[in-house]
Amino acid sequence: MMIWSVIDILICALVVALAMAALYAPALRQRVMFFIAFGLVVAITWARLHAPDLALAEAIIGAGLTGAMLLMSLDHTSDMPREPASYGLRIGSAAMGGVLILGLMMIVSSLYPIHDGAPTLAVSQRQVESGVSHPVTAVLLNFRAWDTLLELAVLLSAALGILNLGPARRSCGHAASLTDGLARVLVPLLILSAGYLLWKGAFAPGGAFQAGAVLASAAVVIHLTGWEKLPRVGLRSLRLLLLVGPTLFVAVGLLPLLNGQAFLQYPVELAGLLILLIESAAMVSIAGMLTLVYLGGHPHANWPIELVNPKEPM
Amino acid sequence: MGSSPLLYAVTGALIFGIGLLASLRDEALLARIIAINISGVGVFLMLVSFAYRGFELAPDPIPHALVLTGIVVAVAASGLALALEKRLAELPKSKTHKEDSP
Amino acid sequence: MSTILIVVVIVPLLASLTCLMLPRLSDRLSLGTGLVQLITGGLLIQSLASGISHFHELGGWSPGLGIALRADALAGALVLLCAIVSLAATVYARRYFTCVETRYRFWPLWWLLSTAIYALLLSADLFNLYVTLELLGLSAAALCTIGAAKTEALRSALRYLMLGLVGSLLFLAGVSMVYAEYGTLSLMALAGQIAQTPATLVALLLLSSGLLVKCALVPLHFWLPAAHGSAPAPVSAVLSALVVKVAFYLLLRLWFELFSPVMTSLFATLIGGLGAIAVIWGSLRALTAARLKLLAAYSTLSQMGYLFVFIPVLAALPDEETRQLGFGALVLFALSHGIAKAALFLGIGVIQLQVGHDRIDQLAGSAQRFPIAFFAIGLAGVALVGLPPSGAFLAKWSLISNSLLTGQWWWMVVTLTGTLLAAAYFIRVLGAGFVTLGPEAPVKGVGVSLQAPALVLACLATFGLGLGAASLWDVLAMGSAGGQL
Amino acid sequence: MNSLSELLSVAIVLLAVLVFVAGTVALIRLPDVLSRLHAISKIDNLGFGLLVLGLILIQPAWIDGVKLFGIWILVLVSSAATGQLIARHAVREEPR
């Protein structure tokens, strides 16, 4: 069993080293590269800590999408002005920070051994009523469904904030036949695996967020290859795309209120089906929102609606 | 064998601290977004290592759901910040004189 | 299993989604939603006053397993405050944003912000509070950039967003440590178990510092004046009146309900000291502010300082009865500041919309041109300074008498100097405004429905809360506000 | 206790590690972009290929072997494409 602690030490050392590199590398471009590597090693850490859902999400969202966004915004960020703060200030803040971090590390280690709280035991006991056999999906979409609904609202508010800002990034795609070929291989595969991830979410690691993120990465590939031939997403369908996830979630949540039950209390026998329904709608919306978050602006000039004349009488 | 989650929790606390300190430094926005994301991963690392129950037992699913929510929230916030900065870079450097009434 | 809590939280979310789907209906829909929220808030307070405590286990799972929504008198009072201020700001925003397209972009985000506020006030789960805090920060930052946002507005919104993220991260670290130690996230379950251990103390520090960043207490305040000063008027009204106050509500919840065994008097005095610095420093900066909105933002800083000065006084109060009254005074002060500050920002917005700028030294003649708006600003000033008819006067009076009762006379000195400084910077505004222009000045009036919300709020702040304060106290007493307080 | 296939897979994986190390050293030491590119693509197809082969041998279910093989094909496709793009960019940069 000694071998595992060696591996653990290696992984932790690698994670800390990449974090330091991503924070203190001289040039911005290097930092982004180190950050993407950091995201991938963290995905391996989640796998080591028996959290496959998070490994998927970290690889796709943490390293993939966030990395792609950072790379795309590198071109309009001037490199950092090189005037480091006074030597004393830097040493002082580093020392003070170091002491605080050491204190936090000692306190965290004093928390062990961790024992299961009441909610954890309740999750395993009542797993069968949740309608799905994978515990993480059960917690996400049944026991703590309110968190997930608010999280969709967070994504929606970010997407709306971005849509109101300005035009989206121009696709810098030099439609070379090579990238075309790559996209022709990757995009169908990504869409296929998104569907697979969505379906698998009920009984194994996967689910709406990972599937939505995979779809968004397919959109990133399309944006990079600069395919103009694709049908333009109309304003109304863009709005519908953003809405279908949260709206369906709220609607399914409100139904139980009609016969006196609590909000989001799915009938036990229908729970599995309802969760699949919510997840597929959420996947579509998440894919749309994450693509907009990557594009950094609205694809249509007169978002949110085509006005006949701007001063349309109310 | 119970020691390994403690190692990850302590690493998580270390990364959380380092990331937070770096995010307070006055640098290009991109660097601060990277710092905040790294600090977020630090907290998630602490959460997941609190959930780890060793090789044989299944881990506690609740922190995994929390961290999944955290990852998605982090990418939403980073995306909004990057879009704001892109817009700032696009706006003409001179102060637009049109007053704030739309 | 009270469904009124669900109505309070879900109606704004549905409104946001419908405004996004059917932009042409969004104006009328927003007015309707504002009214529905006001009625629901009234019903909630009424049922709380008659002693019913509201509880809703989401998904039907027991609180330990699932998330629960809960409303006691404190939460009910703030829900009503939010309903009143957001209705007034909604009516105002409908006229303020003349461009139709901006309004269509404004409404969905506006109702997402309201959803975040209501969800945060009613939530009884620690991690759920983190998600609502994030939704609050993101939608508020997005709203600051609505309309033709200048570079200055964008830059301050970006700084606001980044600091909000730092605050949320600190909060999340605190949440993870509480979960590691106690194994549960539900506030009710935690309230009984919290014990005096080093890890709990560190968790309290992390949670509190995260929230202190969000309600801009002195060392962490520099983002507030720019953000509130450069946002559109209805947004900065809600930012100053509600968003900052909701973060303070969370601090109250944590300090007095969850972590009360860990709260030492030293911690309370330190917080009171920081509050005192905020009161003085905020008022001084308001005195020298060049623009009306900056003045209002600095005044928010100093008024929030008062709320923190209440903390050591309440902590030191001996018996339960006076503590209940003192807590009632704190809530009264928070309500009256919220409504008065919203009235002030909405009034300033009227002037800025018409005149094109809000520089104080060039305000000449604005009392002539916008009599209603300027009267509303004056009335709001009365409530903010804390002159007799207003609720703030009663709250400050109770603060001063309690501070003398507990022998901490210095809080009285801080309150008095703060009030004098506040009076000074308001007189400066009124003086500049009442300078009359020559007869030939173009007196271009402004639509009443743009000025009415500010006036209604100002009257509510001074007369409504002043005369109706007694009913607030017995609602709080009946609903056992703040749990163990 | 370890059967023939386990011994074989350990050997192959060690070989793969060797290729990774060699590729990394080459990446650091080689002077210009194109030759470095050569080193990286070696890591991708040969090193990773050996690693996948080693892992396939000890997979209980054959379907996992197919998945691993699929992963290798994907890595090959993407590294070929990116290698080409980097090379074209490097060549265009060179004359200046």
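In order of appearance the chains are A, B, C and D, and numbering begins at 1 in each one.
In this section, contacts are C-beta pairs under 8 Å (C-beta built on N, C-alpha and C of every residue); 3 or more make two chains touch, one makes a residue touch a chain.
No experiment lies behind these values; they were computed from the predicted model shown.
**Student:** More C-beta contacts across A-B or across B-C?
**Tutor:** A-B
**Student:** So, what's the distance in Å between the C-alpha centres of chain B and chain A?
**Tutor:** 11
**Student:** Return the distance between the CA-based centres of chain B and chain C, expressed in whole Å.
**Tutor:** Inter-chain centre distance comes to 27 Å.
**Student:** How many angstrom lie between the centres of chain C and chain D, each centre taken as the mean Cα position?
**Tutor:** Using C-alpha averages as centres, the distance is 58 Å.
**Student:** Any idea how many Å lie between the Cα centroids of chain B and chain D?
**Tutor:** That gives a centre separation of 31 Å.
**Student:** Would you give the residues of chain D that are in contact with at least 2 other chains, written as numbers and ranges?
**Tutor:** In chain D, no residue touches two or more other chains.
**Student:** Which positions in chain C touch two or more other chains at once?
**Tutor:** 99, 127, 131, 134, 138, 141-142, 145-146, 177, 179-180, 185
**Student:** What parts of chain B, by residue number, touch at least two of the other chains?
**Tutor:** 16, 29, 46, 50, 62, 66, 69, 73, 76-77, 80, 84-85, 87
**Student:** Which two-chain combinations touch?
**Tutor:** A-B, A-C, A-D, B-C
**Student:** In the complex of these two chains, what residues of chain B are touching chain C?
**Tutor:** Touching chain C: residues 16, 20, 23-24, 29, 32, 36, 39-40, 43, 46-47, 50, 62-63, 66, 69-70, 73, 76-77, 80-81, 84-85, 87-88, 91, 95-96, 98-102 of chain B.
**Student:** With touch defined as at the start, can you tell me which chain B residues reach chain A in the complex?
**Tutor:** 1-19, 21-22, 26-31, 33-35, 37-38, 41-42, 44-46, 48-53, 58-62, 64-69, 71-80, 82-87, 89-90
**Student:** If we count contacts the way the header does, which residues on chain D are in touch with chain A in the complex?
**Tutor:** Touch list, chain D to chain A: 74, 77-78, 81, 84-85.
**Student:** Looking at the complex, which residues from chain C come into contact with chain A?
**Tutor:** 1, 3, 6, 10, 13-14, 16-17, 20-21, 23-24, 27, 56-62, 64-67, 99-101, 104-105, 108-109, 112, 115-116, 119, 127-128, 131-132, 134-135, 138-139, 141-143, 145-146, 177, 179-186, 189, 198-199, 202
**Student:** Considering only the defined contacts, which chain A positions touch chain C in the complex?
**Tutor:** Interface residues on chain A, with respect to chain C: 103-104, 107-108, 110-111, 114-120, 122-123, 126, 142-147, 150-151, 153-154, 156-158, 160-161, 163-165, 239-240, 242-243, 246-247, 250, 253-254, 256-257, 260-266, 302-305, 307, 310-312, 314.
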